[in-house]
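Order of writing sets the labels: A, B, C and D. Residues in every chain begin at 1.
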Amino acid sequence: MIKDKLYNWFKEGSLTIPSVLLTHYPKMGLDEKEVMLLLQLQNFIEKGENFPAPSQIADRMTFEESECLFMIQRLIQRGFVMIEEEVDRTIGDERYSLQPLYEKMITSYLVSQKQEEAVQVQVEGE
Amino acid sequence: MIKDKLYNWFKEGSLTIPSVLLTHYPKMGLDEKEVMLLLQLQNFIEKGENFPAPSQIADRMTFEESECLFMIQRLIQRGFVMIEEEVDRTIGDERYSLQPLYEKMITSYLVSQKQEEAVQVQVEGE
Amino acid sequence: MIKDKLYNWFKEGSLTIPSVLLTHYPKMGLDEKEVMLLLQLQNFIEKGENFPAPSQIADRMTFEESECLFMIQRLIQRGFVMIEEEVDRTIGDERYSLQPLYEKMITSYLVSQKQEEAVQVQVEGE
Amino acid sequence: MIKDKLYNWFKEGSLTIPSVLLTHYPKMGLDEKEVMLLLQLQNFIEKGENFPAPSQIADRMTFEESECLFMIQRLIQRGFVMIEEEVDRTIGDERYSLQPLYEKMITSYLVSQKQEEAVQVQVEGE
């Protein structure tokens, strides 16, 4: 039935990403594959799957599971992703956090704002 | 001033993308670089820049301008992007349209839904 | 520090609502106060607070707690909100679900689409 | 056809609103009817209709056109909405701007952050 199909589609939902991530990721040292992996993580987390397996992520990407795992490890080492312990559960569960990514994004944004201001002051001073 | 900085950040805005795009792009024949290019296009269009130059797009990606141009041409040939004429202006301007991308995405989603239903019917029939 | 303030702001997040809800709620029998209450519920749910107390909701609205409770009860009776049992927890927790709201919204959208088509067929037939 | 119906639905799009607007509008002196009117304006503007007539807005709300016009005028007087001249067109068009709303929202957010900090300092000092 059309109504069910529309509702199923609706339930899939959407992902809202800051425009600044799109304009700043190369300055932050990220490439397109890495950003897509980070968006996949965000999508999993927002749907309540806080610690997806590399195979689950790889199923939605063009990479093999092993490359996916390697990329996640690199993103953790380089300080874009963090693994947190979930404290509100009886069993010590783990979860990915993208807080470091967003903090780096804000830092990158503020740096570029400062540079623009400096340029403007220089131009006005000439 | 903090207020101005927060307002500038706020003005940058955000991009809302359907989760289905993230879960279906490999089935649609797209890779991560291409999806990121398409998201850049969407971001430009939503901010009123309907026909960004390859150099503008390349500035926000890890590619050279020439590779960016090549990728856009391939995306047009393969039916993910369309160039439309803007009719509401005096001068015949052009604009990118992502309508074909979203139509392919919906087709891909419906195909996978059908496959799931078929599997379920089979399982129930066994 | 400016970075922390921006990050705090960023963490507050956003709410994505279908445009169709804004264009259809009067046809669905809802008024502005009720839609705002429903958006508050959505906002709580998306932040992981699945069963906010009427006092918590009233704190963010111009109503008293008692009016807020009354409105929620009416929305449940009229089939816009549902209370579900959370099954994945040891204790039988309750949660609000807006599924009925979205189903009604889709029904309303499909009815209006059908009416438009009927009008078009009539116009073309004349 | 189901694909067309899904695509039509998809095209309707969505509206992204800052959570802070939902948690702060009463402090900003707004009530639910006014917030819904402002969301309607945002929705029109994002779809490229920068100066909708009161009758267009009233069609989507539970108010009469006259009440709608009155509310808009009040929102302008109280500094939540602004009318701007569009400069990039040959004819001097007008458009609504919600910039003052968002500036007030950020101010309200910063005030509440400051109050929370003050409370925390006091608590820690005791």
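What we mean here is this: contacts are C-beta pairs under 8 Å (C-beta built on N, C-alpha and C of every residue); 3 or more make two chains touch, one makes a residue touch a chain.
Because the structure is predicted, anything quoted here is derived from the model rather than measured.
Chemist: Out of A-B and B-D, which chain pair has the most contact pairs?
Modeler: More C-beta contacts join the chains of A-B.
Chemist: Which integer distance in Å separates the CA centroid of chain B from that of chain D?
Modeler: The answer is 27 Å.
Chemist: What is the distance, in whole Å, between the centres of chain A and chain B, each centre taken as the mean of its C-alpha atoms?
Modeler: 18
Chemist: By the touch rule stated above, which residues of chain C touch at least two different other chains?
Modeler: 2, 5-6, 9-10, 14, 16, 18, 106, 109-110 - these are the residues of chain C that touch more than one other chain.
Chemist: Looking only at which chains touch which, which shape fits best: line, ring, star, complete or other?
Modeler: Per interface graph, the chains form a complete graph.
Chemist: Quick one: which bits of chain B touch chain C in the complex? Just the residue numbers, please.
Modeler: 2, 5-6, 9-10, 14, 16
Chemist: Any idea which chain B residues touch chain A in the complex?
Modeler: Per the touch definition, chain B meets chain A at residues 5, 8-9, 12-20, 22-23, 26, 31-33, 35-37, 39-40, 43, 47, 60-62, 106, 109-110, 113.
Chemist: Could you please specify the touching residues of chain D with respect to chain B in the complex?
Modeler: 2-3, 6-7, 10, 14, 16, 18, 90, 102-103, 106-107, 109-110
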